[in-house]
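Here it is: the structure, laid out below.
Read from first to last, the chains carry the letters A, B, C, D, E and F; within each, the first residue is number 1.
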Amino acid sequence: MTGDLTHLSRDGEARMVDVGEKPVTRRAARATGAVRMARATLDLILAGDAKKGDVIGVARLAGIMAAKRTSDLVPLCHPLPLTQVSVEIAPDEDLPGLRVAATARVDGKTGVEMEALTAVSVACLTIYDMAKAVDRGMVIEAIRVEEKSGGRSGDWRRPEEADR
Amino acid sequence: MTGDLTHLSRDGEARMVDVGEKPVTRRAARATGAVRMARATLDLILAGDAKKGDVIGVARLAGIMAAKRTSDLVPLCHPLPLTQVSVEIAPDEDLPGLRVAATARVDGKTGVEMEALTAVSVACLTIYDMAKAVDRGMVIEAIRVEEKSGGRSGDWRRPEEADR
Amino acid sequence: MTGDLTHLSRDGEARMVDVGEKPVTRRAARATGAVRMARATLDLILAGDAKKGDVIGVARLAGIMAAKRTSDLVPLCHPLPLTQVSVEIAPDEDLPGLRVAATARVDGKTGVEMEALTAVSVACLTIYDMAKAVDRGMVIEAIRVEEKSGGRSGDWRRPEEADR
Amino acid sequence: MTGDLTHLSRDGEARMVDVGEKPVTRRAARATGAVRMARATLDLILAGDAKKGDVIGVARLAGIMAAKRTSDLVPLCHPLPLTQVSVEIAPDEDLPGLRVAATARVDGKTGVEMEALTAVSVACLTIYDMAKAVDRGMVIEAIRVEEKSGGRSGDWRRPEEADR
Amino acid sequence: MTGDLTHLSRDGEARMVDVGEKPVTRRAARATGAVRMARATLDLILAGDAKKGDVIGVARLAGIMAAKRTSDLVPLCHPLPLTQVSVEIAPDEDLPGLRVAATARVDGKTGVEMEALTAVSVACLTIYDMAKAVDRGMVIEAIRVEEKSGGRSGDWRRPEEADR
Amino acid sequence: MTGDLTHLSRDGEARMVDVGEKPVTRRAARATGAVRMARATLDLILAGDAKKGDVIGVARLAGIMAAKRTSDLVPLCHPLPLTQVSVEIAPDEDLPGLRVAATARVDGKTGVEMEALTAVSVACLTIYDMAKAVDRGMVIEAIRVEEKSGGRSGDWRRPEEADR
């Protein structure tokens, strides 16, 4: 880690980094996260196809839409013409809870990690919102980038860790 | 937990719950979360007052502004005329990383948990964004409601847990 | 019809009407609309529970979220703290197509017709978007207010008509 | 019609279609719609240059601005850097009412039908809003794509129909 | 001036001030500003009723719509359910240029100066945008609050000054 | 000045100019403005590093974020994928007050003057907001483009003037 906080000028002032000189390349990023909940809450979400469809379906859509708002939310993010966003949500009986994964793609000058992370975060917030009437103790956790490709710095994949 | 997923109609369809009959009461909610990072990343963020000021200052502001966008992001949230939002961010050397706490208040018909959680989530995303050039492996974790007050269901405080 | 275009000043200039003197009352409005399509398109949308769930589910959610954006879109609308929005979408084999109905509620100083109409319009746009790859000829039609209640002007219900 | 609902994955889940591989081409789309109203309402809107200017002028602007918000409103639309939007509104004494037409253009990877349709829809909603104090019975109708050009699928023009 | 920067906590951190304890009162504010331009630019804007209608009409509408976005733009502003916004724009041959005045009203817990100022600012930006092809040298100036009423601090009117 | 108001059609109707034929070039623009205030207000803002950090830091961030919203605010602006935005704010003891400068860059088909001007305007509004509790009489002034580069019309620099 020999880097620098690129969003800060030499004087420590916030700025949107100049990416004008960077080439347009095909970029992708995948992020994941989870909502840990009481087992009964997960059962309730999964009970009945219609209901399952809706909590998970609403959260998926919220995540996709939020990815498009990333540069509105994260102050120093560049606006990006996303070419694809997908969000997948699956139950994890061991957690217990729901696991969320999002992929974002763009042909652009900057990476799309923030778009993937924003999709995951808002999908998790939406799950919390829809189930909070029965379980206020849910915890959103482990939101992180799993891999990214494209751009000068090349591909990156989260190293295995004895994590959590 | 004898509740129901109130955001779903009897047929499992998503809806924004009718809160018309609920009284306007003073409500507050506090949520917390954290960004776990490499120690060197935390040191870099904390090095120099200006720089510290900016990563933490930008993230705090992003959280406050995001709280006001909650009903734009979380599909079934009611729009709320927030009377206060504050976000606090402090280093935790043991994590290592930054801990984020947000409080939201409203005189309204529904609670403000989602606003507090959204503030925390976007503050964490902003920290990730500003430090990702030096540390892609950061993890956003433990986003949860700590306490809430006001409303028919009364006050609630997260029970102690042997958590995580 | 002895009224006046209240959004225009005496000089014909656009303005947001002053509703400061109007009392806060419980208000509701219901609007409807439809998307007429080829029968094969409707069959495709309805084929398979998952798929049906998604076209209709996505459109319903888009309508609910759009209702919250009404004052951003319609220039002279007042911002309103909606207390409820619901959107229902059902197939009509005779059209053939999908029929959309939306209800909006508020405790406020102005009516919520525009919110209900906006929900219907955006739900219809979303249906078009999701099915346009197979049927560009779809037509969005008959978007109108069916009834409203609350406010000084009292309740109103669309008169029967030998319409269309 | 041998197509597929491209916004749904094989499992029927909503997604934003990946357009990364599609070439950037010059694209255009034109959509139309109408607001049918009482003759007296149309007369009132058209009476006096200033007033006419305003109802029609406000609606035109609302349509243009809404086109830029399309990807915020329609969940699975890609964000597009529009190069042009125009909205035309003209009285139709036979309807009676106002007819709205919108054209959108982009150099992009996906079509701009949704932007043109959104412009028409919001212009119609704005007309309704500005005249609703005198005529609640107005109906928004016949919103549809008239023609599109550019992209892999080539040009398309709505076939003549014995329509309506 | 014995006040304090209320948007900063005792530690100098940004926060949205807590207005929960403040009573709801009827509040209003009026702000003004101007765009100074070459005389020929003003003539061009004023030439022909239609054209005049449009530059001034578009700027007026942009100002009204921007007032509704104030809390999205100004980080520590509270969201407010505005009950009225109006914007007036008139030529000033002596400037030469256009003078803009905006009034905002609300029944709320905080003042509406920022909403009036935002309306003026964005109306001025829009005038600049529409005339910049002929006059890049225009200057936006003298944006200020003229008077405000309501709230604990009572009415206030800008003192006469030998200003500018 | 032999130009034309390009945002108006031949009939004087507002439109978003068609830039489809224009080449993509590297463009930049710099705009400036100021907030004039009582000397005591400036002293208060500058007193203490933390406080200074926050008023100026919050305003800088507000300006950067607003630049990204330009096409949402200014009705006929094209959406632009900004590659950089920076905002600088410095005290001017002679004014007395704060001077704001913003630079915006894009690789695009239209200029970025409006983005730079919007950044300056919203930074000034934010300064007003944060200091208004102690000084209602502040004036935002002299918002103007200083220079621009790129595009068909080439580089432009504001001529020296005996101005102000």
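A few comments on the model shown:
In this section, contacts are C-beta pairs under 8 Å (C-beta built on N, C-alpha and C of every residue); 3 or more make two chains touch, one makes a residue touch a chain.
Note that this is a predicted model, so its numbers are computed, not measured.
Shared contacts of chain C and chain D, meaning chains that touch the two of them, come down to A, E.
By the document's definition of touch, common neighbours of chain B and chain E comprise C, F. If you compare D-E with D-F, the chain pair joined by more contacting C-beta pairs is D-F. Greatest Cα centroid separation from chain B: this falls to D. Chain E has its Cα centroid 37 Å from the Cα centroid of chain A.
For the pair chain E and chain F, the distance between mean C-alpha positions equals 15 Å. Taking the mean of the C-alpha atoms as each chain's centre, chain A and chain F sit 32 Å apart. Residue numbers of chain E whose C-beta contacts span two or more other chains: 13-14, 49-50, 53-54, 57-58, 61, 65, 69, 72, 75-76, 79-81. Viewed as a network of touching protein chains, the structure does not reduce to a path, ring, star or complete graph.
Contacts between chains, counted with the stated touch criterion, involve the pairs A-B, A-C, A-D, A-F, B-C, B-E, B-F, C-D, C-E, D-E, D-F, E-F. Chain C meets chain E in the complex at residues 9, 13-20, 71-72, 75-76, 78-81, 108-109.
Those residues of chain E lying in contact with chain F across their complex are 1, 3-8, 11-14, 33, 38, 40-41, 44-45, 48-51, 53-55, 57-58, 61-62, 65-66, 69, 72-77, 113-114, 117-118, 121-122, 124-126, 128-145, 148, 156, 158-159, 163.
Chain D meets chain E in the complex at residues 49-50, 53-54, 57-58, 61, 65.
Contact residues of chain B toward chain E in the complex are 26, 57, 60-61, 64-65, 68-69, 79-88, 105-107.
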